[in-house]
């Protein structure tokens, strides 16, 4: 700390201080610039291709103008619903387990697996879903895509459930026990509702995350130009449509891709923002 | 702990029963009116038009994903699609590896064009050797003497040539490399023919769409795409010197001219570097691939019949959509052979058509 | 929905308590089932992970048997001759990720200090925090799309001005794109660890007359360095496995990269391109082996990163 106590070059130190501060501010603000450019770009290019026909009609054959992304929007919702139905109950159950048996050996390994899965590249999950489901059933399907996405949602839901429940006071459970309420009911009807804001936030964030996933869908949901509601058949999805249209040479496909990007970004942002609102508004106060 | 094991067993049994049940049911519930195909991007503009028209006419939904010929063959082999599509016919080795006998139905003819992106240059002539040398990386600049000597009038820039090729397994690559192997020994020995080869130079892009997009975006680039992709995107195409020494531009007519050869019974034939005077040298059939025996993996007889009806329609009525999209239609001989092959397709040993 | 209070919850429960008690005899069964269900979920989750690993391992055996260690040292990727060496993709992945990381460090550090120290509260801080969070929420494919139509032309102009072949796509563009994509990961962890630096340490230094810069340099950074490192490590894990954005701008060239402006390919991008069409067992198995490697590397990075953060929290 010798340097600090040296007062003689106070001026120098002050200059250094302000230079450093401005550097921090400049670099930090610069990091936010790409976001603004991306949002501006997508909005500018996307809005122009956005209309009712675009949202509610099916794609046209190559070379014909018009056509929309209704199939991709529906496909994305189907995939998300399948993924949510699978991952939410399991994720919450695992989260409860981790909170209830904090020091259990099983919890230790489960947490380890959550960490691993959180960092696993989505393309690897896609390979797995292909090898496990597509190859076994013998068909590309929305179901296999949903499974891949549900695997990706699990870590987020588990962590948010555990983190939320951890913060609840133990007295909540004690009072329930004191009233003679059984264990399962205490958890399901007292503890879970009290932590619902955190859990819902986690669910919505995980949905926002997988809604834009493309890599695992290349080998599983596969894409389809039709409105398909059968989960054992291939479906299209927004990110997949963006990928195939963006890399094509057709200008009209590019504008479809911009429009689809706009819809996808809007969806992701809405999910993110409502997740935040839920976490604030539905918070149980103690 | 003992309780846990008990519960695990019950759980596993439950899951497996659901899964197996699902496997058995899945296909029966599928309506026969939905057909899934995947493969070549080369005929994709035509197929998407054909399937759209067929859907409106017959109410059959055909989901065709243009994922590349390699993927088409692979997915047919792993039985995840009803038909595959490829511009490279399956080699004898690939046929022997497939789980059952695969037949090839020719649908149309297409030309692989050499497209480039050079400001101000709308006509370019290339000889087989120059083309191979560019793709081998031996000719690096656009103003190379070899290019200049066949294009004396063009103002070629001194820029580096950016080669663009396919990054995925592609029938278009197969046709293109098949041609280069036929005309250039160096290519044949160092790179060879294949759906995906070890490219000596260049950028990779996915699909005909991807290559077209990348060439269009990258100045001083050269790539190869199906004729319709070049036309739809107004991309300039090089004229190639054919076997007879004439420089031929890729058109519908020169494509047709090249296809005037006799066909083997299974239609598996390479048409590149043909002897025709006015024939464009990089031309090929594009095929639809399916199993000769259609009774597999719970596939219903109605579904197999719908598939055959579709293919027969493509070889006959569907041909009207080919020429507007710059694909050459099948010759009468090819249609006859296609019919014979379709008649040989069976369901549980009985012919379907 | 109105905010619940604890009182409300308990009152509600009290009302039902009687009916619960009536079914007392069933409780044991339900509790037993419920507890086992929880445990079972956890066990099946672990089995899922083990299953992923084993599937990848077993499916890569054919290529391990054929190529052995050469798989990682050979640079020929030739599906025609069935010769597979993954060196070009290892190199492509490592180069793009580390370049991206190098650019990210000053920026993510600045964001972390901005949020964790200089403007830890208030409007500006909230705005910044939300921006960075949103940056992390944008789907990868949209980054790629944007990169293709915004970054690529800029890079092309830049490349032609410095006299290298103006492709626009390639390693440098990929790294730039990855840099934007991983800022949120390293910055959010950096912010957290910096805000965890005990304020009595900082105040002591300030009381001694230190400027803010000196506090940052001599107190905050030394204290938080392991946590910041962990954040960067986790960001690296992200960059290594990034697929869609990379495959759109890297140029997909299956050769060893020869220039940072030239095209290359990464492991994840290769799988995205070739997995559905790999004909032949060895080809498919080689791709799966690359997936296995990706899985192992990201796993190690994640465990190490998380461990450092955990230890940091305990200090």
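In order of appearance the chains are A, B and C, and numbering begins at 1 in each one.
FYI, a contact is a pair of C-beta atoms (placed from the backbone, for glycine too) under 8 Å apart; a residue touches a chain by one contact, two chains touch by 3 or more.
For clarity, every value in this text was computed on a predicted model and none was experimentally measured.
Engineer: Think of each chain as a node with edges to the chains it touches; is that a line, ring, star, complete or other?
Structural biologist: Topology of the interface graph: complete, with all chain pairs in contact.
Engineer: Look at the interfaces B-C and A-C and say which one is made up of more C-beta pairs in contact.
Structural biologist: Per the contact counts, A-C leads.
Engineer: Mind checking the centre-to-centre distance between chain B and chain C? Centres are C-alpha means, answer in whole Å.
Structural biologist: 37
Engineer: Compute the distance, rounded to whole Å, between the mean C-alpha positions of chain A and chain C.
Structural biologist: Going by mean C-alpha positions, chain A sits 13 Å from chain C.
Engineer: Residues of chain B that touch two or more other chains: which are they?
Structural biologist: 205-206
Engineer: Give me the residues of chain C that touch two or more other chains.
Structural biologist: Only 33, 37, 39, 43-44, 148, 276 qualify.
Engineer: Among the residues of chain A, pick out those that touch two or more other chains and give their numbers.
Structural biologist: 247 - these are the residues of chain A that touch more than one other chain.
Engineer: Can you check the complex and tell me which residues of chain A touch chain C?
Structural biologist: For this pair, the touching residues of chain A are 1, 3-5, 7, 13-14, 16-17, 20-21, 23-32, 34-38, 41-42, 90, 93-94, 96-98, 100-101, 106-107, 109-110, 112-128, 130-132, 151, 154, 158, 172, 175-176, 179-185, 187-190, 193-194, 208-209, 211-215, 218-219, 239, 242-243, 246-247, 254, 257-258, 261, 264-265, 268-269, 272, 281-286.
Engineer: Chain A touches which residues of chain C in the complex?
Structural biologist: Contact set of chain C toward chain A: 1, 3-6, 9-10, 13-14, 17, 20-21, 27, 30-31, 33-35, 37-39, 41-46, 48-49, 51-52, 55-56, 59, 106-111, 113-115, 118, 128, 131-135, 137-146, 148-150, 180, 183, 187, 205, 208-214, 216, 218, 234, 237-238, 240-244, 248, 268, 271-272, 275-276, 287-288, 291, 294-295, 298-299, 301-303, 306.
Engineer: Would you tell me which residues of chain B are touching chain A in their complex?
Structural biologist: Interface residues on chain B, with respect to chain A: 22-23, 26-27, 29-30, 34, 36, 38, 44-45, 48-49, 51-52, 61, 63-65, 78-81, 205-207, 209-210, 212-213, 216, 229, 232-233, 235, 297, 325.
Engineer: Applying the document's contact rule, which stretches of chain B touch chain C when the two form their complex?
Structural biologist: Those residues of chain B that touch chain C are 3-4, 7-8, 11, 67-75, 77, 94, 97, 159-160, 162, 167-169, 191-199, 202-206, 214, 217-220.
Engineer: Which of the residues in chain A come into contact with chain B in the complex?
Structural biologist: These residues of chain A touch chain B: 60-63, 134-140, 222-226, 228, 230, 232-234, 244, 247-250.
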